[in-house]
Amino acid sequence: MKRGAPIVGVYSPEGVVLAANETPESRLEDTTYYRKIFQFDEHIGAAIAGLSSDARVLIDQGRVYCQSNKLLYDEPADVDGLADTLSDRIQQYTQHGGVRPFGVSMLIAGVDSISGKLLTTDPSGSYKGYMARALGRNAEQANQLLEDKYVEGLSLDDAIKLAIEAVKHASSGDLEPDVIKVAVIPTETKVMKRLSSDVVAKYM
Amino acid sequence: MKRGAPIVGVYSPEGVVLAANETPESRLEDTTYYRKIFQFDEHIGAAIAGLSSDARVLIDQGRVYCQSNKLLYDEPADVDGLADTLSDRIQQYTQHGGVRPFGVSMLIAGVDSISGKLLTTDPSGSYKGYMARALGRNAEQANQLLEDKYVEGLSLDDAIKLAIEAVKHASSGDLEPDVIKVAVIPTETKVMKRLSSDVVAKYM
Amino acid sequence: MKRGAPIVGVYSPEGVVLAANETPESRLEDTTYYRKIFQFDEHIGAAIAGLSSDARVLIDQGRVYCQSNKLLYDEPADVDGLADTLSDRIQQYTQHGGVRPFGVSMLIAGVDSISGKLLTTDPSGSYKGYMARALGRNAEQANQLLEDKYVEGLSLDDAIKLAIEAVKHASSGDLEPDVIKVAVIPTETKVMKRLSSDVVAKYM
Amino acid sequence: MKRGAPIVGVYSPEGVVLAANETPESRLEDTTYYRKIFQFDEHIGAAIAGLSSDARVLIDQGRVYCQSNKLLYDEPADVDGLADTLSDRIQQYTQHGGVRPFGVSMLIAGVDSISGKLLTTDPSGSYKGYMARALGRNAEQANQLLEDKYVEGLSLDDAIKLAIEAVKHASSGDLEPDVIKVAVIPTETKVMKRLSSDVVAKYM
Amino acid sequence: MKRGAPIVGVYSPEGVVLAANETPESRLEDTTYYRKIFQFDEHIGAAIAGLSSDARVLIDQGRVYCQSNKLLYDEPADVDGLADTLSDRIQQYTQHGGVRPFGVSMLIAGVDSISGKLLTTDPSGSYKGYMARALGRNAEQANQLLEDKYVEGLSLDDAIKLAIEAVKHASSGDLEPDVIKVAVIPTETKVMKRLSSDVVAKYM
Amino acid sequence: MKRGAPIVGVYSPEGVVLAANETPESRLEDTTYYRKIFQFDEHIGAAIAGLSSDARVLIDQGRVYCQSNKLLYDEPADVDGLADTLSDRIQQYTQHGGVRPFGVSMLIAGVDSISGKLLTTDPSGSYKGYMARALGRNAEQANQLLEDKYVEGLSLDDAIKLAIEAVKHASSGDLEPDVIKVAVIPTETKVMKRLSSDVVAKYM
Amino acid sequence: MKRGAPIVGVYSPEGVVLAANETPESRLEDTTYYRKIFQFDEHIGAAIAGLSSDARVLIDQGRVYCQSNKLLYDEPADVDGLADTLSDRIQQYTQHGGVRPFGVSMLIAGVDSISGKLLTTDPSGSYKGYMARALGRNAEQANQLLEDKYVEGLSLDDAIKLAIEAVKHASSGDLEPDVIKVAVIPTETKVMKRLSSDVVAKYM
């Protein structure tokens, strides 16, 4: 799952960051529909690498999971529980006949009652946790940069800067601020917020 | 999905335009049945590129969706919701066994309660939004022309002219006005209207 | 679907004509059972090219459709509705597993409450309308002749002559009048009528 | 379906004849069980070419059809209706998965309320009518002989002679009368009758 | 189905005989379980050639058929009816997917209310009748011998001798009486009886 | 089914013996779980050669069979009935689609109300009876030894000795008494008893 | 199943030990989610080698089994029963169509009412017991070391040391204490306890 524009997630004690290169293939594309970053619930988001049509199926299921959880237990879904549920479905599509596996990997970022978390899912149905992680095209270079530069306990601001830097590192050529999309779930508010192009520009 | 006669969609703040080269293979063909442009509902239309028989299945489902929406919520369907519903079905046909994927791409144009929209679906089940977009034979040339000439905020008249120009650009040889079919959903009326050959001729 | 003896349909404002070369393979064949032209309902007929066994399945379904329509709506079926229903089934057999597509194309001719119509179905499940059309062996030559000679607004008599000429053109060798079968649905009566060999001979 | 011993059917206005070369592979074979000619109902018989086990399935179904018809409508089954019913089943086995087509062709002979009839079915599920027809090994030669010698309006006696001659023509070497089996459904009695070896010998 | 030790059946007006070479592969084999000759009912037996595990399935079904017949009609099953029922099942396993054909042929011998009968089934699902027949290894030689030596109207004693001779002819090397198993259903008693080794020795 | 450590069964009028080479692959293997000899019921045991996971499925089914038999008929299961039931299931897995055959052969030994019995099952679904039989690796050599040395009417002690000798003959290298496992079902007690290593050593 | 980091289990009369090399691929991986050692119940744990997504399915099922057992019988599950249940499911996935086998092997360690136990499962569905066993990458070397150094009756401390040594032996390069994870189920407490990095360091 290395195709598709690069996506990056960075964990900081102050919040979790998702960043993506959302450069559309054509200047006429309506970027409202060209999204790599989605929201499962107020406190959980995801960036995707791979087939957007397959991703949509999982995102729809994840949203239902989050809402059911709220209704049943009267509290927001755990990030782990969401990743586990989605990965169970992904695993079934690898082991049972008559279907093909999901062609998508995800970075799931969220802040639940326990802590901020950054998890990845893959087409085999496993999920892992990371301090910082890149997926998609040129992910190896971006992950190398993250390993070199990530400092434990970094501030949310530094996390945003690092995420943007990694996205740029994995992208070829110069990037305008408006194609780098960033979403942040601060530990304090536990509410996912998309940064405007102006704010992204400042971090660059 | 580059086979089939070229189809073009152009968005303008004053309305959305669909245009298609409907040159039949034989002069004896009854053009009533040779359509590339269909209507889902009063306010939403589509142009198709690919297998017309597969398209019919999706158009039938889309019409049912629009009517159900009206009955259930007493308001016209959103263009996004329609594209999402159709793409969900298209995606399922790529992932589950015992069926083959739909061999058709669509330009869905409409004006809903929010705004005018131009969306594309493809056989993988993704959908995207565009300011202007061509599909079908020679789509690359037509899209190049659209990228070169599309001006944001263009008038509906200019949008119609641009759509016709792009269709001609993607078609080989001279085209008579009566083989270029154009449908418009003006933002004001929100009602799809097919232009007569005479009107098309004037725009040429 | 170019195998099988040639079949031809011609539309005239005064009625729709179906003609077929029904030369049996052996002089001992009972021509009652060797038919290329069938009747769906009083006002709709069809000529077939391809596997007669597959055609029978569709003709049976079409007849049920026409009768249901009469019972439900107390009026004769539209020609379009019939072609649409049959083509939906044909399309399903191309997209779903466990079955093979129908190996037959049809010329459906009829006069309904709106007008006389000549439609074609094919194994992919699309249908089209024509002023005049040939299917089956040597269809290309026959269609060329139709394109060359078809005059809009031609009389029913001229339509019959043209249909017979096209059938002869697509057949090899001389043809006796009794192997050319012709059926006519005049716009006035809306009742399909098979011409006798004598009448066919006169038109030749 | 040209394997298997030759079978021949001949229609005469005075009745329909079925003849078959029932030479067993071994002189020790009990010819009671080695039959090419079967009876569906009092007034309808059939000769088979191909897999006898597949034929049995169709013959069983045909017998049930004839009896149901008698019970439901209080009159004997039409020969056409029987051929149509069996061919529908045969066609389904060619188009649907999980089964293989029937490996058998039949000559169905009968006299119903309308007339005497001689029909053939084949593994594709089509059926045709003939004045005279041979199936099975060397059918081409036998059919050539039938085309050369069949005279319209021939008497039942001549039909029997012609059928026997055709069977002999398609068989290699001399044939004893007791291996040529002949069944006749006279138009007058409408009751299938098997000829004894003595009677067959006289016709030879 | 020519593998497996040779089995032979011989019909005489005084009874039907089954004989088999039951030489086990090892002298330590318990011959109680190494059987080629089975009993369906008091008056019907069978010898098998091929997979003994597949044969068991058919023998079980045949026994149920015989008992049901007795219960339902208060009379012993016809030999033909039994062969027909088993062959119907065998045929289905050749035509429908998801199963493999039965790998076994049978000689069914019995005396029913009509007469003594000797029938064979094969993996295609056909059955035939014979005066005398060999199946299994070297069946061709054994059948040649049967054709040469079988005399119509032979006595039961001669039938037993012929059956034993044919089994020996198809077997390689000398055979001890105790490996040739013989079962007889005399026309008078209609009860299958297995001959002891001593009796078999006398016939040799 | 010649892979897997050798197993041997020997029948004596005084009881039936099962012996197996249970040399584990590693000296650290817990031999409690490394068993080739299982018990179906008090009076019936089995030794297996092949996939132990497949064997477990059959052993579980056999145990249920034995218990049901006791409950239903208030008497212990026949050894034949057990082998028949298991072999029916094994046969079905060879003939029906969507499953693979069982990869295991068994020696079933038991003493039921009739006598002591030694039966073998194989992956095709047949079962046979033997006085003495070896399965598994080098079974040919072991069977040769059994054929050479088996004396009818041998005592239980001699049967045990012969079984152990055959296991050693089929195994490479010297064997310690504690890797040769022996189970005995004496005709008198009808209760399966496993011999201790000390007892086995004495027989060696 | 030799891929994946090495895992080792060692049985001592004083308890059972599981050890694993949990070196993550990246220093940024959140080791909370990178686990090779799981807990089925208070008294049973497992280490896995292979696809973690497949393992999750089995671990979920095992946990349900343990809890059901407690509810139904009011006592903790046997280690054997758990291995048997999981292996039954694993076996079914090898024999039935439409699924692929589980790509995971497990070391199951536990102390139940009977004793401490160390069992292994594999993708074929068999399970075995061991005194000490390694699975995963370089398992052969680790097993050789275990065979050489394992002393029956060793203390729990020695078991822990041996397990750690085997993990190190199968791993390339030096290992920091914090990547070697160790879990112990002491026979006395019957409660699985994970050792902290400090404690592991002391054992090294």
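For reference, chains read A, B, C, D, E, F and G in written order, and residue numbers begin at 1 within each chain.
Just so it is clear, a contact is a pair of C-beta atoms (placed from the backbone, for glycine too) under 8 Å apart; a residue touches a chain by one contact, two chains touch by 3 or more.
In this text the structure is predicted, and so the values were computed from the model without any measurement.
Peer 1: Specify the angle of rotation obtained when superposing subunit C on subunit G by their C-alpha atoms, rounded to a multiple of 5 degrees.
Peer 2: 155
Peer 1: Taking each chain's centre as the mean of its CA atoms, how far is subunit F from subunit G in angstrom?
Peer 2: 33
Peer 1: So how far apart, in whole Å, are subunit D and subunit G when each is placed at the average of its C-alpha atoms?
Peer 2: 73
Peer 1: When the C-alpha atoms of subunit B and subunit G are each averaged to a single point, how far apart are the two points in Å?
Peer 2: Distance between chain centres: 59 Å.
Peer 1: At least two partner chains per residue is the criterion; list those residues in subunit A.
Peer 2: 97-98
Peer 1: Graph of touching chains, which shape: line, ring, star, complete, other?
Peer 2: Here the contact pattern is a ring, one closed loop where every chain has two partners.
Peer 1: Considering touches as defined, can you lay out the ring of chains in sequence, from subunit E by way of subunit F?
Peer 2: E, F, G, A, B, C, D
Peer 1: Contact residues on subunit C for subunit D in the complex?
Peer 2: Touching subunit D from subunit C are residues 26-34, 51-54, 56-57, 93, 97-100, 102.
Peer 1: Looking at the complex, which residues from subunit C come into contact with subunit B?
Peer 2: So the residues of subunit C touching subunit B come out as 11, 84, 87-88, 90-91, 94-98, 117-119, 124-133, 143, 146-147, 150.
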